[in-house]
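First chain written, first letter: the chains are A, B, C and D, and each begins at residue 1.
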Amino acid sequence: MRLHQAQSVLLMIDFQAGLLPVIEGGEAAIKEAAWLAGIASELQVPIWLTEQYPERLGGTAPALLDGLGQHEVWQKLHFSATEEAPFTQALAALERKQVVVCGTEAHICVLQSALGLLEAGYEVFWLSEATASRRPEEARLARERACANGAVAVTADMVAYEWLYRCDTATFKEVHQRFLKPRSAQAVTFY
Amino acid sequence: MRLHQAQSVLLMIDFQAGLLPVIEGGEAAIKEAAWLAGIASELQVPIWLTEQYPERLGGTAPALLDGLGQHEVWQKLHFSATEEAPFTQALAALERKQVVVCGTEAHICVLQSALGLLEAGYEVFWLSEATASRRPEEARLARERACANGAVAVTADMVAYEWLYRCDTATFKEVHQRFLKPRSAQAVTFY
Amino acid sequence: MRLHQAQSVLLMIDFQAGLLPVIEGGEAAIKEAAWLAGIASELQVPIWLTEQYPERLGGTAPALLDGLGQHEVWQKLHFSATEEAPFTQALAALERKQVVVCGTEAHICVLQSALGLLEAGYEVFWLSEATASRRPEEARLARERACANGAVAVTADMVAYEWLYRCDTATFKEVHQRFLKPRSAQAVTFY
Amino acid sequence: MRLHQAQSVLLMIDFQAGLLPVIEGGEAAIKEAAWLAGIASELQVPIWLTEQYPERLGGTAPALLDGLGQHEVWQKLHFSATEEAPFTQALAALERKQVVVCGTEAHICVLQSALGLLEAGYEVFWLSEATASRRPEEARLARERACANGAVAVTADMVAYEWLYRCDTATFKEVHQRFLKPRSAQAVTFY
């Protein structure tokens, strides 16, 4: 199954200031998530954030919040976002069945949320390079477990090009100029 | 599928004194298993041990038994625990459908037991880092084969947080203080 | 499922001059694809090429076109070839259900085309060593995702021997002499 | 699914003198296959060999034949043994549904035979360490493809202990003494 812009939600789990310093690869994960969030904003894909027990773990990291477009923040006490009724009801109300997940820690809150979403019938896309744990081995096993349960591992580039769908639109040119081209010395100029 | 405390059993296969000296990573496996067993005790998850032909291979290793809470020990002659009727009848009587398996050797007694449990309809969670063989390559292939048959590879941390379910309980605080926090220099203080 | 010569199409996605210089392993991918295309020609397996927005990305690379036998070229604006009606109609008209895919970039146009073909009911064979992306990690994840959706990863050698089916034919001897034997210092002389 | 002695056949594909010199890891594969064949003989598991076009590729390698117990040899011209009617009819007549496959080359004759057996309804066990190709990468991809189609990757040790089933029999003691114990400096004395 491919991603469709009109069916997608970008869900960023617990990218919190109190967690990030101990996460292996946490900064790179934030950077990757922020890049895709920029494209999501451009394409009107809803951006949702969760925060686990923010009184203790702090709010969402400034590295992600700075420059982030319109978004919603959901606080939670369960490790899985899907155990919080307001979140699940609001998500159902969006009527979008494809959820791109990322965040920290891969093997705790991201994994439990992904499994809960799969159980609820959503298509779950695991944004590998924007998902991290204290131990990289656990991030890897979390991805494998999510995928064994039906999630699909993706890169931000895959998501972007599937949302964009075709190359002869004004939207593609805009996103290409602002996001795709600047990202890499090897960006293809016109695709 | 996620793990639930009320549905789980922790099954530790053949961590026996006569086997451990030849197992690659045997000590680390015991340590991982013992850590999760401590949490299982705290959460009233039944802890079951098997011993293969103990007259020859010796009893369960002291490194696991020392400090282990309430548990049951099952002796066996078949490589798979599921071929021993008293074991399978008692397990059915528990009415818990999720079995977290670990032990030695991964590719013989743990694997055969896991496959037998899957055939009998249990959900099997393969505790990768607490499961070992003489040759690490065989432990890896055993995990792959178990997973190809429906088992789910997990880490002890995954299991612990799924059993704990939410962070605003007295149980979480107790387990966090005694098990989660001391485990790593990078433990998150409050989660 | 095995490949059958009479059911196969070789589909080469966007091996374009404007893309190749930035593709990691692009030259090796072209070489592998060209080798299999030679055998496809010999066995009357249709060879189809796509080109993404050739005004911008250039036509198919000369390294592939030079010496290429009879083939058809399809231009496209969607990243997935399956979103272009003339392509999908012509493919259906071939009445061949096995599509061997390769090309660049693995995680964009090859992946989207492969997923589209799978959705349309084709058997898709992912020619790993003839499929590449700017970042090798994305080529790997693209293959994993295609396979999780039902594609089958193959090598050119696998495809060749499945098309050839048996070793006691004049066709085998011809293909062996011209393609199999020269390929490697370790070629088996008579198979 | 576990292996059962009474349901198994050991099928060794094309371990031929003319192929072995160019196979990466060919000698180790033969050694592994010969070790398991010794146990198969002891347990009355039928041992079948195939030879591809022996006039050209030579007969089965002496390293495998020397000391090999009762066995049957099938010559073939198709790369897949399952395309030879006498072979498939005789296999069906055995009324054993579990086939342990190994041999050379992994990605050609072993793979095609394994896929053919799976299509015919057999359970196929891929003996990884006794299966090899000129390029190890192709042996790895062949295993992945076979497993994606339903085959199960196993080691010789897994097969042996599943066939043996329990440790308190005269057969186990005999096989342990002759095969399991001598194999490794780390053999467990009594299991």
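Basically, a contact is a pair of C-beta atoms (placed from the backbone, for glycine too) under 8 Å apart; a residue touches a chain by one contact, two chains touch by 3 or more.
Keep in mind that this is a model prediction, so the values were computed, not measured.
Asker: Could you label the subunit A-subunit B interface same or different, taking same to mean over half of its residue numbers are used by both chains?
Answerer: different
Asker: Using mean Cα positions as chain centres, tell me which chain lies farthest from subunit B.
Answerer: C
Asker: Between subunit A and subunit B, tell me the centre distance in angstrom, where each centre is the average of that chain's C-alpha atoms.
Answerer: 32
Asker: In whole angstrom, how far does the Cα centroid of subunit A sit from the Cα centroid of subunit D?
Answerer: Roughly 46 Å separates the two chain centres.
Asker: Can you tell me which residues of subunit C touch two or more of the remaining chains?
Answerer: none
Asker: Which pairs of chains touch each other?
Answerer: Pairs satisfying the touch definition: A-B, A-C, B-D, C-D.
Asker: Quick check: in the complex, which residue numbers of subunit C touch subunit D?
Answerer: Residues 1-2, 128, 147, 152-155, 157-158, 161-162, 164-168, 184, 186-191.
Asker: Which residues of subunit D touch subunit C in their complex?
Answerer: Those in contact with subunit C are residues 18-19, 22, 52-53, 56-57, 77-80, 83, 107-108, 111-112, 115-116, 119, 134, 137-138, 141-142, 144-145, 148-149.
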